[in-house]
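The two complexes that follow have chain A in common; it is paired with chain B in the first and with chain C in the second.
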Partner chain A sequence: MREEDIYKAIKNRSIRAGILRTWENLHNAVEQNIERYRFLKEYAKDVKMAKLEVFSDYDRWTEKAMKSIESRNKCSVYYAEDGKEARKIVAEIVGRDKIIVKAKSMVSEEIQLREFLQEIGNEVWETDLGELIVQLANEKPMHVLAPAIHYSERQAAELLRKVGVKGYTAAELAEGVRKFMRQKFLLADVGISGCNAFSAKTGRIFLVENEGNIRLSTTLPKDYIAIVSIDKILPSDELCLKLVILQAAFLGTFPPAYINVNEPVEGQRMHVIFLNNGRKQAPEFLKEQLTCIKCGRCQIECPIFQITGSLWGNVYGGPMGMGWSGILGEIGYECFLSSLCGKCKEVCPMEIDMPRIIRELRKMMVRGNNLGEV
Partner chain B sequence: MYHPHYVIRSIEQNIKNTGNPLGLSRSQINTWWEGWEGWKKVGEKDTMLFTGLLYQLTPYVDKLVDYLYKFENTFLEKVTRFMPKSPLGILLKPQKEAEHFNGIVRKIADSLIKSGIDFCYKPELDFYSGVLLYDMGDDEGFTEHSLFVAEKLREKGIKKLITIDPHTTYVLRELYPEYANAEFEVKNYLEILDFKSKKENENITLTLHDPCYYGRYLEISDESRRILDSLGIEYKDIRNSGKLTSCCGGPIESISPKLTKEVAENRYDELSKTGCEIATMCPICLVNLRKFGEIKDISEIIWGAVNA
Partner chain C sequence: MPNEVLELLNQLIETLKRNSVEVYISKDAERDVERLKSEDSFICNALSIAADTGIVFFGGFESRKNSALAEHHIAIIRRDAVCKNVIEAYNLAISKSNVIFATSTASKTGDIEGKLIWGMHGPKKFTVVLEISEELYGGIA
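For the complex of A and B:
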């Protein structure tokens, strides 16, 4: 995080307006979901326990997960230790001068995949409406699931005009983007997605969404690349399904419009890249952060994030972002900007003790005299 | 942003020298008891009122943060690094505010007496808890300070403590057993105030800003409401109260006072929507939120109702 980003966020009042508007729209829905669907809390417990079990032996579970899909026809399986290795694998599969359609994926943000693929000579499109707006603005996603949370209709319309989408209202813009994207889906050589949950038992990839763009991105192109960070591995399909339901319910958009279950199919080459990127090496106190399902509720409810959005943080912003930055080895003095108020822990479906994690990060920096000079 | 390195170093040095994070002398800060009439009603007991000095320190902190706010993100920001000790206590004593905050402590002590609670007060044993060191991740500094405080209290046979703010309560109750091997029985004044009679409607409706530590860490938000119920004072709770209360921004004021102010403004806007009088129960929340409108400490309201 750059220090000036904090002052940029303070000045840009559309960040807080957007986050508070989203909070206003969604928090009642989340509370109703928790109240109405009592099974959600049980699901969260099951998923958390399963994730902790997987982390206790990442090597065995990664091997199991890779084997479950390796045996399938038309599927290549890879393992990448870090972002650099993952980008190299993707480059070998994709080559250049290709049209690539992408599902919104935080792990691809983590390894800066879109920028990389463009640099090596490809045309890359983010197919999620919010992520497309962020791509056109050349910014980072402002929220883990709602990347363009800080844009008004008017601002979004201005950005979308760059690709010839006309209109003023959200409905008109969505319709325009749909038409624009349809062409890209039909022409695309490669589709890329992340993964919400991966079943080590069956090798199935679970993806939850509301727009339908993930379904098209991952089924229409001849080549489909899925990037699976190893924290997404779960022992069974049932647990994967529980996880995607949780993610939707805790942002408020439940039931979700689409749950995709992807596996190799006839007529398509599938490439699955398992990515570590710091997860196996995470110190003990960060293990709990790896149970995060990235619903982004801790971000929307956080009083600091409500002012700064993801500008407070690195790839992942806000309270969960501090823990993830620790895992990715990119934590800086931004962890001292948390007020440790504990709201994140209170609203987290996985009950992750983020204030504890943030204080541990501070301890690590103080102890290692790692605060640096500025 | 003030770099954590300088902030921690300065807090650590000040605590080592004077026992408090601002580096002010105890005789300058802890004066609430001078001329206090309650002295006649307290005596030698093993239960001590332990203010943790947070209410008394807050007017000075507030003054300092005002300056940090002005200097933040300017060339003057770096100048502050060479001032390990704040000169503000000497140069700019926040006289009026210090009296106001001393008054709050006195009202809490008087309400305890009115409630029939036996306790003693020993200014020489009333120390800052060390909470800032803990929050900043300086466990070494915090452990050293907590051992010192716990030892002083133990030497004089103090077994039970009555605390008056959320941070000191949390630190003494939850952290001292672990870090200072000190098992004091810690009660927050809101947990023990009991006026026993059900009063009629006081004709006030409040909106409470629960401090994060009462709402979540200690889970004692019901206590203030129990007292208000017994005094016939109504309150209108908002969604973000109790366990879901929202922060006033105070804990980051030494790193980015500018961000603190924005957080506090958001919170004030939210609280003021009910149109009721706003009350809080933490000195840090009080100074941060009152920058945007009138806020009272709950102890002032309780005292007012009891003495009406």
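For the complex of A and C:
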């Protein structure tokens, strides 16, 4: 994070307006979900416990997860220690001059996959509407699940005109993108997704969404690549299902329009890349952050994030972004921006103590340590 | 027993309506679905449905593809596919098919100024035809 980005964010009224608009749309929806679906709290406890169990022995669980899918027909399984290795594997699978449709995925942001695939000569499309807008703006997502909340209808229309989508209203723009992207889905050589949860028991990949772009990206192309960061491994299908339900409920859009349960199938080559990228090496105090289900609620509810958006942070912004930056080894002075009010912990379904994590990160910064030396 | 079943079915119908799903109650789904279908629709039998959330499970890779490409997705649901909750529904679905997927409403987005737009990439409309017996038919609210 650069200091000037924060000043830019504070002066940018559309960030604040967009986040507050999103807060108004989603805050009550989440409260209602908690009230209506009493099982959510129980699910959160189960998922947190399972994630901590997996974290306690990542090597064993990663091996188990890889084995669960290795034996299947039409499936290749890989392991990447970091982003560089993951990009190399993807490059070998994809090659060049391909049309690639991508589902929105934070892990691919982590390893800058889209930019890399474009550089080596591919046509790459973010298929989620918000993520496409962000791609065309050449910016980073403003929220972990709602990437384009800071753009007005007018700004979105201007950006979408770059790909020939005409219209002024959200409805006209969405219809234009539907038509534009449908062609890309049908022509695509490769589909790429992340993974919300991976069942180490059955090798199934769970992905939750509302638009249908993940379903199309992972179903239509002949080659499908799934990037699974190892924190997504869970012991069973049931826990994976609980996680995707939690993620949708705590974002505020529940039930989700689609739950995808992907696995190798006849008629498609599947490639699954397990990625570590700092997770195994995370120090003890960051362990809790690895139970994060990336619902983004702590971002929307945070008073600092409401002013700065994801410009406060690196790949991941806001309160959750501090812990994740620590895990990825890219934490800087941004951890001093938090007011430590505790709202993030209060609203987090996994009850992650982010203020404690931020205090620990500050201590390290003051001591001049980097995470590797802790 | 029929009272419990009726309660479950009424809960399901309420949930589906809350999820903006078009619902038809039918004594003969195969016959009634004929009236709904068009060249842009895709009809398939559901493996299971959760009454508390309205999440519907389907099976098969081809169905996944065709349902995602259709403008209108129509699901036929029979009484024995109705489960109390999503875990039960998942387990029932996976016992019937290896490749499963779930849908609870039409495709949607709120990515531009939070405005809700239906039919982003997938079907613009999702319809459930719930087939129940003569005996239960009269008890539906």
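FYI, the second predicted complex is superposed on the first by the 367 of 374 C-alpha atoms of A that agree within 3 Å, B and C clash if a C-alpha of one lies under 4 Å from a C-alpha of the other, contacts with A are read in each partner's own complex, and residues count from 1 in each chain.
Rule of thumb we're sticking to: a contact is a pair of C-beta atoms (placed from the backbone, for glycine too) under 8 Å apart; a residue touches a chain by one contact, two chains touch by 3 or more.
For clarity, every value in this text was computed on a predicted model and none was experimentally measured.
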Applying the document's definition of touch, where does A:N260 land relative to chain B and chain C: first, second, both, or neither? second
Using the superposition on chain A described above, determine whether A:L337 touches chain B (first), chain C (second), both, or neither. first
Counting touched residues of chain A, say whether chain B or chain C comes out ahead. C
Thinking of the overlay built on chain A, is A:S325 touched by chain B (first), by chain C (second), by both, or by neither? neither
If we overlay the two complexes on their shared chain A, which of chain B and chain C does A:I304 touch? Say first, second, both or neither. first
According to the stated criteria, A:N277 is in contact with first (chain B), second (chain C), both, or neither; which is it? neither
For A:A171, decide between first (touching chain B), second (touching chain C), both and neither. second
For A:E153, decide between first (touching chain B), second (touching chain C), both and neither. second
Enumerate the residues of chain A that count as touching chain B in its complex and touching chain C in the other. none
With touch defined as at the start, can you tell me which chain B residues reach chain A in the complex? 1, 3-5, 7-8, 73, 134-140, 212, 216-217, 239, 243-247, 249-252, 255-256, 258-259, 262-263, 266-267
If you look only at chain A, which of its residues touch chain C in the complex? 18, 21-22, 24-25, 37, 39, 127-130, 133, 146-149, 151-153, 156, 170-171, 173-175, 177-178, 181-182, 185, 210-213, 215-216, 219-220, 237-238, 241-242, 245, 253-261, 263, 265-268
Applying the document's contact rule, which stretches of chain C touch chain A when the two form their complex? 19, 52-55, 61, 64-65, 68-69, 85-87, 90-91, 94, 98-115, 117, 119-123
What residues on chain A touch chain B, complex-wise? 3, 6-7, 10, 16, 20, 27, 301, 303-304, 306-308, 333, 336-343, 345-347, 359-367, 371-374
